[in-house]
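In what comes next, subunit A is part of two complexes: it sits with subunit B in the first one and with subunit C in the second one.
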Partner chain A sequence: MEAVQNASKKSAFSDYRVRLSCIFMGLGQLFCRQFIKGALLMLLEIGFILFLVFAGVENIIGLFTLGTTEGVPIMGIEGDNSVSMLAWGITTVVLVLLFALAYYANIKDVVYTVGEIEKGNRVKNFFESCQTLLNKKFYFLTLTLPLVFVCIFNVMPIVFTALVAFTDYGGEIVPPKLVSWTGFQSFRVIFTMSEYIGTMGKILAWNVLWAVGSTFLVYFGGLGLALLYNAKCLKWKRFWRVFPMFAYAIPSFITLTGFYFMFCDSGPIVGLLKDWGWVKENFTIISYDSKWSLRLLGFFCCAWVGVPSVMFLATGILSNASKDMYEAARLDGANAFQQFRYLTLPFVLFATTPVIISTFINQFNNFSIFYFLRPETVYAPGYFNANSSDLLINWMYNLTVENRLYSLGSALSLILFAFMALFSLVAYVTSPAYKKEDTYR
Partner chain B sequence: MKKSKLFCVGLALTFAALTLAACGERTGGGTFTYEELMAKFEGDIEQNAVIRVLDNQMAIETGHLQEVLDAFNEAYKAYNVNAVDANMDQYVDLEQNGPDGYGPDVLYQANDMLMRYAEGGHILPLPTEQLDTAEIPETVMDVYKLETYGLDLYYGMPVAQQSTVLTYRKDLLPANWEAEWDDNQNGVPDMVETMNGLYAYSKQVKEASGGSKYGLYMSLVDQYFNSGYLLSFGAYVFGDTHDDIGLAADGAEVGLNLFRDLAGVLGSTCISQNATTQIATYLTNAAGTAFCTIGTPDWLTTFRENLTETYVRGGMTEEEAEAAAEENLVVVAPPRLPKDGDITKELSDMEEETFAPTTMGGVNAFGISSYTKYPKASLAFVKFVSEYENLKWRSEALGAVPARTDLAEELGGVSEILSERVSAGLVYMMPSSRDTQYIWDPLSSLFNDVATDNTTRETPVYTTAESLKGALDKLVSDIRSAMAVGDIS
Partner chain C sequence: MTKKIHIRPEKAVKTALVYLLVLIVSFLFAFPCIWLVLSAFNAEGDLLTLEGFFPQEYSFDTFRRLFTETNKYTYWRWFGNTFFVAAVSCIISTFLVIAVAYTISRYRFKSRKAMMKATLILGIFPNFMNMTALFVIMTQLHLINNLWGLILLYSSGATMGFLVQKGFFDTIPGTIYDAATLDGASDFRVFISITLPLSKPMIVYTALTSFVWPWADFMLPSMLLVDKSSWTVAVGLNSLDDSEFSIFAAGSMFVAVPIIALYVALSKYLIQGGSAGAVKE
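And now, the complex of A and B:
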C-alpha cells in the first residue's frame, strides 16, 4: 500500500532517463534501449543547434533589427535586405516553435516509455513504434504534415503581412534602404489623416452595403432559379439549365470585361438607349463621377456571375428535401408561399449557412467586379487614392500595388481581417446550422 | 504566484526584444570617388556574358530589337557575348525585382522612371567620357544628372526625345480648305495650325457626321499629352523644391478651361484610356473616322503601316499604298493656342492672338541595372546602340526622335520639328524625380473630372474661373497628400 502511495507521489521527472531527455532530446530514449529513435531525436536536436548557430540566431536578431548595413547596389555592396530578414526571422520563429513542440513530444514519449518499463512491459522497438504511428495514431500522422504546410504557406505569409503593418516598408523605403519598426504608425496614419479616415468611412459603409446586398441577391437569386427549375410545370428542364452553366463556366474576368464594353459610353447599350431616345444625350453608366449607376451595374454583374453557383448548390440540396413534408403541408392546406416560407427556406438555410457566410466574405472582398468595370485609375473627389465604387480590397490594391504603400495596405488588411473574423464568428454562432445542429439529422 | 511568473517572463521577453533591436547601429554604405564608382567598367568585356535587354514594345513588335541584338552579338562575337530580349513587361519594376535578382541588365525607359531607379540606387552611373554625348544638348543630358556622393553623375544614355506632335490625314482635308480653312494664306490648314481652327473643324465634322466622325480624336484622360494645356499658361510641376508644386499657378485655370472646351467637342467616348487604343484604327481606316490626333511621334510608324494596309485593301499596289501613306500622313507641331484661352472664338489675327504651346516632354535613355553581373558587356551594348549609325537605324525603324541634334537635323521632318521645339524651350522636361510618380494619378483624375463636366455631367460645376482654380488647388493638394503618405509609409 505504501509502495503504491510512493509510486503515485513520484514525479514523472524523477527518473534519470526523463531528465536526460529534458537535457538533450533522445538521450533518455537511448537509455530506454530505443537506439534508433534516440539517435534520430539527437540528430534532430544537433541539426537544430547547428541551424541556430549558423543562421537561426542571426535570423532572430535580424527580425528585431531589420538590418544594420544599408546596401549600395551601384558599388555591388549588398547590405541587409530588411524584407527578406523579416521573412527569415518569421520562418525561424516558426521553426523554433515546431522544435519546441517536438521537444515536448520527446519528453512525453520518454515519460510514457519509462512508465511502461516500470509497469514491467516490453519497450517498443523503432519498427513497432512506426507501426503504432501508422495504425493507432494514423490521424496524427495525416494531420501533422498538413499542419506543417499550413504553417509554411498560410500562417507565415499572414504573419509577414501583419508584421509589415508595424514597419515603414513602402513608398520610398524599399530595399536597399533599411526598413524600420514603427509600431502603430500606419494605423495612426489611417485613423488620423483626414484623407484616410474620410475615405475609409465612406468605403467601409459602401462595402458593407455591397456585401449584404450582393450576398442577398446572389443567394436568393440562385435559390429562386433553383426552385424555378425544380417546378413541375417547367418543360425541357435540362435545356434551361444549360444557360446558367454558361455564365458559370466562363471566367468571370472575361464576363466582366464584356460587361464593361457593353455598358461603357462607346458601347452598344448606351448607344442604343440614346438612339431610341430613351435617355438624354449626356447619359452615361460608367464615367468619372458615376456612383450609383456603376454600383447598380456592379450588383447586376455580381448576380450574373454568382447566381449560377448558388443555383447548382440549391438544386442539389432541394433534391434531398423530403417529399412527405410537402405532401403533409399540402394536406394541411399550406399554399406554395407557405411551403416555401416554412419548409423550403429553413431547410435550405440550415444546409447553406456556411455558404452564406463564405459568400458574404467573398463579396466583401470581391476585387474583380469594380476592378474590371472601372478599368481606369481615377480617384473621385472626396476619396483618397480611391473611387466611389471601390471596395476596401480595391483601395488596398491601389495603396499597395499602384502606390506601393505596403505598410498602410497591411494595416488596412489587418483591420479588414478583424472585421471579417468578428462577423464570421458572430454569424456562424448565431446561425441555425450551429444552434440547431441536430434538426435535420 | 502564477501571474507574477507570467509577468516576469513577459518582462524578460520584452527586455530581450529591446536588447536585440538595439543589437547594432545602422550604417550607410560610405562614400565613393568617381574612379571607385567607375571601376566596374574598366578592363576587358566579360567573356560569355548573357545580357538581358529590355526595350519598348514597339521595338520588340517591329523586330527592330532582335535585329539590334543580332548585330551587337555579331560585333562582339570575340567575347562570346549574348545579348537577348529580356522578355519582360516594358514597365517592369526594377525597384521591386532588382534586389531579388530579377530584372534586365540593360533597360530603355523614360527619364522619370530611370531617375527614380537612380535615386534608389538601382541603376549604375555611366562613364560619360566613354560615351558619345557631344551632340546631345545639355538640357537633355541634364535630365539624367543626379548628384551622388558630391559628384554630378549621369545615369542614362539619352537616345530619343518624346513630346507631343499633331498627326493628320492630308487626304481627309476638305477639298476647299485653301479657300475656307487658311485665313492667313500661309499654306498651312488652320485646323492643324491653331487650336481654334481645330476646335471649329472638329465641331463641324462631328455635326455633319451625326457624331460618327471626329476632327481631333485623342484620349482626354491622358495626363502626359493634356498637361501641356496647363504648362502653356504658366503652370509647372515642381519649383526649386518639391514643396513648390506649380500645377495650380496663376493662369493654369485658363488652360484648364481650354481643355474643358476641347473635351466638349471630342465627347465622352474620348474620356477613356481606351481611346488611345482606337486612335490608329480611327485615323487610318477607309471611312476616315478621325482626321487628326495629338500624340507622340513614334506612333507614326504604326499609322503608316495601317494606312498602307487600308490603301491596299482599297485597290492600290503595295508600293503605291506605301507612297500614298507616307504622303498623306503629315506630322506638324502641336497647334498654337489662343492667348486668352478661348478656342471657341474665330481668330482675326493668328500671329497676334495665338502662341506656340508648351508640351510635356521626356527623354528616353538606356540605363544599366546595378544588379547586372556583366557591367562591361552592358556598357558595350549601350555604346553600341548610341552610335550615330545605330541611332539613325532606330529612328528610321521606330520613328523615334533622336536625342542627338546632328542626327535630328539630318533626318528632318518630325525629328527636326521636335528638336527645334526643345531648343526653343517649348518642351517642358518631365521632372527626373521620384516624386513625379505622385502627379500622374491626380492629373488623370483632374482631366477625367473636367472632361466629364462638359460631356456627361447633368449639372456642370466648372463653369467659372474660380471653380477651375479650385479643381487645380485640389489637384495640388492631392499630389501633396500622396507625397506626404509616400514619405510616411
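And now, the complex of A and C:
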C-alpha cells in the first residue's frame, strides 16, 4: 500500500503541470484548464513579488538594522523611526510566511487535480471548486477571516512586545532616537537588581492568591446563584433575576468608581462607621498605605461585578441539561442532593471548564479593579514602582505607561507569560472538557 | 402517586430559606445602584454633601448641567460614539465567534487542537503588555481617533473568547447532526437551520457580552481616542473631577439603560433550553 502511494507521489512530481506550479503559482492549474483559479493564483504571486520589490525587502532589512540615520527634528532631518520599522518588519515576515503557506496549498491543489485527470475524472470548474469549499471545507471558510483578524490584532502585538524585550527601547531611548538590539540585557537587569526580583516575588504571590480567590468566589458564587434562582419553590423568577442583571449591565468602570466613592475617606461608609463610633477617628479603607482592607474590598467588588455573568451562563447551561437524565434518576429513587452531586455538578463542570479558565485568566490580568479602587498613583515602600494592592498588570502599566520602561516591562511580561502559559496549558489539557469532549453528545 | 394536600414543614423551611437568601442577594445588588441613582439627583454635586448615604436635597439640576453645559460635557456625542462602536462590534463579533466556535466544536481537522491551545496561550498574555505595541500598530494603520479601529480590536478580541461557545456546542447531541446529514442537508444548511435555532440562548449570550465589552471598556478608548470629539462615555466620565460626583452618577445612569433594556427584551432566550427533547432515543 505504501509503495503504491510513494509511486503515485513520485509520478505526481514528474508531471509537467505540477512542476509548472512549483515554478509559478497557478501555471499548472492553467494547463489543467482551470483558467479562473489559475489566473487568480498568478495574480496573487505577481502582487506578492511587486510588494517585495517596492517595500518588502526594505522592511526586512529594517527589522535587522532598526534604522541607520538618526532624525534631528530641530534641524528638519527626518531620520528612521525604529519602532515603526520594527512593526513593518514583523508584518512583512508574517506576509512572507502566509505566502509560503499559499504556495504549498497551490502545489497540493495541482497534484490533486493531476491525479484526478490521470484517473480519468472530469476536472472541476471554478464554480464547483467553490461548492466544495462550502461543503467539505466549511471550516476553512469560517476560520480564515477570524484568523487574519487575530493575527493582526492579537498575535502581532505579542510578537512585537516579545521582540522589544531584546532591544533597549524605553527610558531615554524613544524615537526619534535610534533603538538597537541588545540581546538579553533587559533580562540580566531584572535578575541582577534586587528591587526587581523582590517586587516581582511579592506581586506575583499576591497576584496568584488574588486570581485563585476571586475565581473561586466568582465561579461558585455564580453557580450557587443560578441554582438558587432555579429552585422550584421560588416564585417570580424573572423578577428576582433583574437584580443581578443590574450588576451585569452597569459597566465596571462605573461600578468600581462608584464603590471607590462609597468606601473612600469622604464617602458614606467610613463616615457612618465613624458617626456610630464603631471605628477610630483615623480609620480608612482606601488610603496610600492600606493593604489588606483594600485587598478585601477588591474581592468584594470583584464578586459584585463578576458573579452575575457566571450566573447567567450557568443558568443557560443548566437549562440545556437533558431532562431525560433527571427523569431516569428520579425513577431510580435519587434524591435532590444526589441529583445535584451526580448529575448537575459533573455536567455543569464539564460545560463550564472554559469559563473557569477564562475567569481565572481574566482575574489574573484584572487591570481595572485596583486601577479604579486606588486612583492616585503612589508607590509603597519595599515595592519598585508599585503598591501593595497592585497586580502584575498594574505594575506593567506603571512601568510602561507611567515610566516608559518598555524593554524592561516587555522582558518581565515574557517571564510571567512563560509561567502562566505552562500553568493553564496543564490545567486545560488535564480538564474533563478537553479529554472527553464527546461525553454529553 | 397521590398529591399531598398539607405542606410538609421541612419544605416550608426550605422555601423560607430560599426567599431569605434571594432577598439578601437582591439587596446587595440593588443597594449600590439605588445609591448611585439617588446621588445623581443630589442638589449639590459634591460627594461630601451626602447625609449618611443619601442626599439632603433632591433636584434635577445635575441633569440640566450635564446636557446644557456643552462646553464642558459633550455627553450626547460621547453617547453616540459609544453606541456606534458597541453596536457594530456586537454584530461582527457575534457572527465571528459563533462561526468559529461551531466549526471547532463540530469538525475534526488537522490543526484543530493546536488552534485551541494557541488561543489559550494568546489569551494568557497580559492584555496590557500588548498595548504599547497596539498603539504603534494602530498609528501605522492611521486608526488613532478612529472608531473603526476600536471596532476591529473588539471584534478580533471577542473571537479569542470562542471557547465558551464551543463548550456549549459540545453539549448539543451529535445525533441531531447525523440525522440531518443522512437526510441530505449540506453542512451550511445544517448550520443555518439546525444549529442556529438550537443555540439561541448562546447567541443571545454572545451578543450581549460582545455588546457589553465595548460599551463598558475604558482602557482601549482611553488609549486610542485622543480627540475629545471621538471620546466614548467611559473616557468622558472618567475625565470628570472628584467634586463632580453627581454629574458622574447622572451620566452613568444613561449608560446602564440600553443594556438593561436589551436584557429585558431578550431575557427568555438566555434561560431557555435549546436541545431538550430534540432527539428522542
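Methods note: the second predicted complex is superposed on the first by the 358 of 441 C-alpha atoms of A that agree within 3 Å, B and C clash if a C-alpha of one lies under 4 Å from a C-alpha of the other, contacts with A are read in each partner's own complex, and residues count from 1 in each chain.
The working rule: contacts are C-beta pairs under 8 Å (C-beta built on N, C-alpha and C of every residue); 3 or more make two chains touch, one makes a residue touch a chain.
Quick caveat: nothing in here was measured; it's all calculated off a predicted structure.
Visitor: With everything superposed onto subunit A, say whether subunit B and subunit C fit together or clash.
Guide: fit
Visitor: For A:Thr142, select first, second, both or neither according to whether it touches subunit B, subunit C, the two together, or no partner.
Guide: After superposing on A, A:Thr142 lies in contact with subunit C but is clear of subunit B.
Visitor: Under the stated touch criterion, which partner chain does A:Ser266 make contact with: subunit B (first), subunit C (second), both, or neither?
Guide: In the superposition, A:Ser266 touches subunit B and subunit C alike.
Visitor: Once the two complexes are aligned on chain A, which partner has more residues of subunit A within touching range, subunit B or subunit C?
Guide: It is C that touches the greater number of subunit A residues.
Visitor: Once both structures sit on chain A, report the angle subunit B, subunit A, subunit C from C-alpha centres, rounded to the nearest 10 degrees.
Guide: The three centres form an angle at subunit A of 80 degrees.
Visitor: Classify the contacts of A:Asp168 with the two partner chains as first (subunit B alone), second (subunit C alone), both, or neither.
Guide: first
Visitor: So in the superposed three-chain picture, is A:Tyr406 touching just subunit B, just subunit C, both, or none of them (first/second/both/neither)?
Guide: It touches subunit B and subunit C both.
Visitor: Where does A:Ala328 make contact in the superposed view: on subunit B (first), on subunit C (second), on both, or on neither?
Guide: In the superposition, A:Ala328 touches no partner, neither subunit B nor subunit C.
Visitor: Scan A:Phe283 for contacts with subunit B and subunit C and give back first, second, both or neither.
Guide: A:Phe283: touches subunit B, not subunit C.
Visitor: Let me test your reading of the model: by the given contact rule, A:Leu50 touches which partner, first (subunit B), second (subunit C), both or neither?
Guide: After superposition on chain A, A:Leu50 lies in contact with neither partner.
Visitor: Once the shared chain is lined up, is A:Ala249 touching subunit B (first), subunit C (second), both, or neither of them?
Guide: Second partner only, subunit C.
Visitor: Quick check on the superposed pair: does A:Val150 touch subunit B, subunit C, both, or neither? Answer first, second, both or neither.
Guide: second
Visitor: For the superposed model, what is the least distance in angstrom between any CA atom of subunit B and any CA atom of subunit C?
Guide: Scanning every C-alpha pair, the shortest subunit B to subunit C distance is 5 Å.
Visitor: Show which residues of subunit A both subunit B and subunit C reach, each in its own complex.
Guide: Residues 264, 266, 406, which sit in both footprints.
Visitor: For the complex, give me every residue of subunit B touching subunit A.
Guide: 17, 20-21, 23-30, 32, 36-37, 40, 95-96, 98-99, 120-125, 148, 221, 268-269, 271-274, 370-371, 434, 441-442, 444-445, 448-449, 451-452, 455-458, 474, 478, 481-482, 485-489
Visitor: Mind pulling up the subunit A residues that touch subunit C in the complex?
Guide: 83-84, 86-88, 134-136, 138-139, 142-143, 145-146, 149-150, 152-158, 160-161, 164, 225, 228-229, 231, 233-234, 238, 240-255, 257-259, 261-262, 264, 266-268, 271-272, 275, 304, 308-309, 312-313, 315-317, 319-323, 351-355, 357-358, 361, 364-365, 367-368, 392-393, 396-397, 400-401, 406, 409-410, 413, 416-417, 420-421, 424-425, 428, 433, 437-438, 440-441
Visitor: Could you list, by residue number, the parts of subunit A that touch subunit B in their complex?
Guide: Residues 60-61, 63-65, 67-77, 79, 81, 168-178, 181, 185-186, 189, 193, 195, 264-266, 282-284, 287-289, 375-381, 384-385, 402-408 of subunit A touch subunit B in their complex.
Visitor: Which subunit C residues qualify as touching subunit A in the complex?
Guide: Contacts found on subunit C: 11, 14-15, 18-19, 21-22, 25-26, 28-30, 32-33, 35-36, 47-48, 50, 52-53, 96, 99-100, 102-103, 107, 109, 115, 117, 120-134, 136-137, 139-140, 152-153, 155-157, 159-161, 163-164, 166-168, 170-175, 186-188, 191, 201-202, 205, 209, 212, 215-219, 234, 237-238, 245, 248-249, 252, 255-256, 259-260, 263-264, 267, 270-277.
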